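There are structures below to look over.
Same chain, two partners: chain A is paired with chain B first, then with chain C.
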Partner chain A sequence: MAAKVSRDNQIVPAMLFLIPASIGFLAFFLWPTIRGIYLSFTDYNLLRDPTFIGFQNYIDIFNDAVFWRSMAVTFQYVFINVGLQTVIALALAVLMHRFTRSMVIRGVVVLPYLIANVIVALVWFWLADYSLGLINAAIDWLGFSKIGFFGSEAWAMPTIALVNVWRHVGYTALLLFAGLQAIPRDVYEAAEVDGAGEFRVFRSVTLPLLRPVLAFVLVVTVVGSFQIFDTIAVTTGGGPVDATRAINFYIFERAFERFDFGYASALAVILMILLATIALIQNRLLRANESDMER
Partner chain B sequence: MTKALAGIAALAVVPLVLAGCSAGSATTDGPVEIKYSLWDANQMPAYQQCADDFHAANPDITITIDQSGWEDYWQKINTGLVSGNSADVFTSHLAYYPEFVLNDQILPLDDYIKADGIDTSIYQDGLVDLWKSPEGVQYGLPKDFDTIALFYNQQLTDAAGITAEQLGALDWNPDDGGTYEDVIAHLTVDKDGVRGDEAGFDKNNVETYGIWFEASNAGALGDGQTQWSYLAAANGWEATDGPWGSSYNFDAPEFQDTITWWRSLIEKGYMPSLAAQTGISWSDQLTAGSVALASNGSWMTGYVFGATTDSFTPAVAPTPTGPTGERASMFNGLADNIWAGTKHPEEAWEWVKYMGSLDCQSVVADAAVVFPAIPEATDAAVEAFAAKGVDVNAFTIQVDEGTTFLFPITDHKSDVNALMTPAMEAVMSGKEPVSSLSAANDQVNALFK
Partner chain C sequence: MSIKTPTKRAKKVRASSAEDPAMAKSPVSKFFGRLALAIVVIITLFPIYWMVRTAFSDNRAMFGEPLSLLPVNFTLGPIERVLGLATPEEAIAEGGSGASINFGLYMLNSIITATLITVFQIAFSAMAAYAFALLKWKGRDAVFNLFLIALMVPVIFTILPNFVLIKELGLLNTIIGIALPAMFMTPFAIFFLRQFFFGVNLSIIEAAVIDGASQWRIFSRIAVPLVWPQIITLALLQFIFYWNDYLWPLLVGTTEESKLITVGLGIFRSQTPAGNPDWAGLMAGALLAAIPIFILILIFGKQIVGSIQSSGVK
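Right, the complex of A and B next:
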């Protein structure tokens, strides 16, 4: 009886505490999602009332060559960005964990992340300019031929991916570093007693025990990478040709430049389904909700 | 319970009060605030002056000016229209206003023009027609215009032995490029100081390009306003089948021959490639000496001449004459639109009328930023530019000689640009042949069916 009373007492405060977050969730997530799904079945240009057209937007998207190219370049970006970023961040995190306690170094590592995305993009855009940029001046001085980093179809997307690796790698490294600190020291001591070398320790102790954190980081970075937008918007604007027209940028163009909000909503719904699927698969494959730490 | 009822009663009164407001303010009694939006920060002081003068003459009407950059401007206008909270009057562009007309978002001005006996023949020829719908309904009074010319670095032309007279009398054709290509070739200099028309020129190591290729601007390649339209038109090409046309002519030989020649400049090393031009903008490249010549619009005059340095002496030359025997420049003009949802249409019209009048346009002329639409004010602006040491004859010569052609107004403008920009980029990067533009033209024309 006493237990029941105390539980009742907890439900009311709990509800009260949930109200602020729920308002945000309802107003900024649930309602826009429902409305977005509805709009994806309409022809809507903002200024006229939406007209219901069934699956027409989805059929058009299926036949839209620009959409398929945008998916291809988005995957290209995610592959380069997440691949490089995870490997470099892991290396940095292990180095920090094993060899230094310095707060200064941790600060330096995370510094690029503290600069606004747009500024990072613009500074690299100017640094990489063909005629006046520092990078091409260096390449020229070394005797190689200059590269149109943001302007050639082959280089544009890898360049944008590298810029964002530079910005995000420190933050990712810090997340992994926090995961490493959660691994008890005695496991390492045991490995040392067993005569394991640095690489063996990394492969057989660090990686398996870091797996839940790594899974979390991968889900977050993959989902984040799919939504690449600002770097493209301030540098290439989707070009040259379609080389950097990533899906999120294409959605923006369709909505805010061509005022085709129905079509853009359908694209957004497709992206949402895709991201949910990828996150689910990652969770399953990496068993993110279990840890090898229980002994 | 009583509290709640009182609340509901209070809420129920709100719409009545609001309705009362809107009904009451349709007449002119009481002070009224008109919100006005524009994108060009350079013109803000001149229009603030106009607003102050206007307020002095009409103490009941206060103008509040809101300025935001071009990139954000249209999103702001559109969201304002959708949310029913737009500026009462806003500066409009030919690429956007057809959409507003189609969706009944802006007010027709004919009744006001008739009632106030406004003479629309006072503006430079053609500008009034730009703001007329296909049904002949007037949506704006012209306020300014712009044309295209060639900005150049006089220190580089002097070094090449090319005079201003020569630059003012260039001719061009799509077969051998005429004297226009000769000058561009001569102005191109490679790393070892060899000029583009001399033996041993290394086209892969160019230090200073003859002319710039500007593709980075959104939609810039689609209508070619500052890039290729002055050449294509001088070659006898027309973009559409007339104002408010329903078909484009990107498959015409006059256009494709022009683009073939234009692209050949990249192959010859006289113009940066698509890859090489992406990055720092054309005007800064011109200032930095990466290029000798660059075609662009009169609205950039202030910026370019403001960038004078020890190694950069800006000057302007008119565009070359083409096979038609004449020069050509796109003639684009701005006007102000009145939002259909404004609560004060009468006062908004008074403000639009004032901005279209000689009084306000003279103020704008004195600021020497743009060319006002009334010829007298245009002349005043030319003098104001001259007082700043800028000779803008290269821009106005197109108007004086009647060699301007109108901005191609059509519906679906943003879709046309979205289709043409990648198609043009593919051609200019050498990935696709020029003839591929015919297929793009079919896609564009399919939008109108």
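Right, the complex of A and C next:
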């Protein structure tokens, strides 16, 4: 009885164990969140104290053509990036599940994800360079006309989206692969007995049972994809013109190139609300926590 | 009895590899499946190979042979150039810019920063996770959920006020200024460490409590050693994450003494002349920045893959 009482009342050691993490949480997560929301209602250039201006930043953003254009290119990026990434990752996960158990292949596939965005961006910037890059040299050699992958308005954002598909697809595939492994073996045995073919097995067995993991992966990739920054910063710098000025890059420009911290904070608040809304809607639509598995 | 044992073993082997019902059987699908996997492996590895090939090429000679699969006029020049070991004359002769660049220093800065963050973050997060998983107190789940909310806040949102804070603390352009916000905790690390501690056998802890051991002693001598392999893998993933981080160090560390490797690479790229870029030098810098990660993957690849896999399905 005495032991039980002491176990149920461990608030003193718990508080002591939580001291360092709480300092970090309060100083670098909670306080900046409150401060960021406050700054979004101010005019602040880092040099003078912030002055409260109410909803002026939000009104300005609503009338800011650059902001709307930025949202448009961000959605373009997310659509191409997440769309292709999910489809290819799903195919790759099924391939790994049906045809190999090799740890080396899984290691290779996840390798790009562990390399820095900056490195990946530079390698592809070089591969896709207009005058000397391998891809254009190959296109030229085959007799087609070269493509300005990073240099043309039409190609720049799709190119950046593809580069990040390359970087992330293996990681996503690995998460989906883990989901596939959690599917009970006997359903495959049953499908085999029924004489189901490769595609039939995928459509009627694999896909429905994978849905919870797929939903989780989609939420994570969409939210991550909206925050594209590194690749743009080291390759196009938002250009050509404004073709790759995604929202994160625009926030960065307003804050650290034009020192408009109040305005940038308001943009960040809008991004945060947008991401929270998308995560909620996705969770609902995909019924993330329910499985089709009836057991 | 003695007859039964071998069949049992045979059954086990069968279930684990060759006769896995999830694996395809027909030779035709096997052929196409493996072919597709081979193509994926090539597409994944080729750009990395191309980085290596370019890093050992002569920047001038390379332009004559853009399709050559091997390094053009094999040379260590680009590597020496970005490590600041080549004279400006040597660098210019091989197509470099001649500007001084010191990736050795940036790598050292990155190693110090990523190590500092990883060690403190994992230690402090483990303490918090222990309180959330193995101690019993009122409000435990509420506080834990509050910590998890931080996961929902986009990085760019906290970066702006945190930059102001680090500036106010006078820590701009210092390693500690780059490391500080991440050193205390991240919700991600606390979440996974809590999962690890949930796996600890409670009877061991209870026995220690009855023996009169202090909570600190139970944490450091019993709980942490029990989940040590998982902690190491998580630490590796966090180290790689902070090694690769770009935006925050770009804002906070802009001097030579505080520049991290990713930031140095970005600046090298923006300074390279547009009409005549030093691609070999850029790829040499990229390769140097990637080498520590390659080494970690070669040694710990299996654990890293396992850890990523388990992060998807709780």
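Just so we're on the same page, the second predicted complex is superposed on the first by the 271 of 295 C-alpha atoms of A that agree within 3 Å, B and C clash if a C-alpha of one lies under 4 Å from a C-alpha of the other, contacts with A are read in each partner's own complex, and residues count from 1 in each chain.
As a working rule, contacts are C-beta pairs under 8 Å (C-beta built on N, C-alpha and C of every residue); 3 or more make two chains touch, one makes a residue touch a chain.
Small disclaimer: the values here were computed from a predicted structure and weren't measured.
Steric overlap between chain B and chain C is present once the structures are superposed on chain A. The larger set of touched chain A residues comes from C, when the choice is between chain B and chain C.
By the touch criterion defined above, A:134 reaches chain C but does not reach chain B. Looking at the shared chain after the overlay, A:18 reaches chain C, while chain B stays out of its contact range. Once chain A of one complex is fitted onto chain A of the other, the partner contacts of A:177 are limited to chain C, with no touch recorded for chain B.
With both structures placed on the common chain, the touch criterion links A:100 to chain C but leaves chain B unconnected. Of the two partner chains placed by the overlay, only chain B lies in contact with A:258; chain C stays clear of it. Within chain A, the residues touched by chain B in the first complex and by chain C in the second are 46, 125-126, 129, 132-133, 237, 256. On the chain A side of its complex with chain B, the touching residues are 45-48, 66, 125-126, 128-133, 145-146, 148, 150-153, 155, 236-242, 253, 256-259.
Contact residues on chain B toward chain A in their complex (touch as defined above): 75, 78, 81-82, 99-100, 103, 105, 204, 215-216, 218, 272-280, 284-285, 288, 290, 414-415, 418, 421-422, 425-426, 429, 431. Interface residues of chain C facing chain A in the complex, by the touch rule stated above, are 17, 20-25, 29-30, 33-34, 36-37, 40-41, 43-45, 47-48, 50-51, 54, 62-63, 66-67, 124-125, 127-128, 130-131, 135-138, 140, 143, 147, 150, 152-158, 160-165, 167, 180-185, 187, 190, 206, 209-210, 215-216, 219, 240, 243-244, 246-247, 250-251, 262, 265-266, 269-270, 277, 279, 282-283, 286, 289-290, 293, 297, 301-302, 304-305, 308-313. Chain contact summary for the complex, chain A toward chain C: residues 3, 6-11, 13-15, 17-18, 20-25, 27-33, 35-36, 39, 46, 92, 95-101, 103, 105-112, 114-119, 122-127, 129, 132-134, 137-138, 141, 166, 170-171, 174-183, 185-186, 188-189, 192, 198, 213, 216-217, 223, 226-227, 229-230, 233-234, 237, 248, 251-252, 255-256, 261, 264-265, 268-269, 271-272, 275-276, 279.
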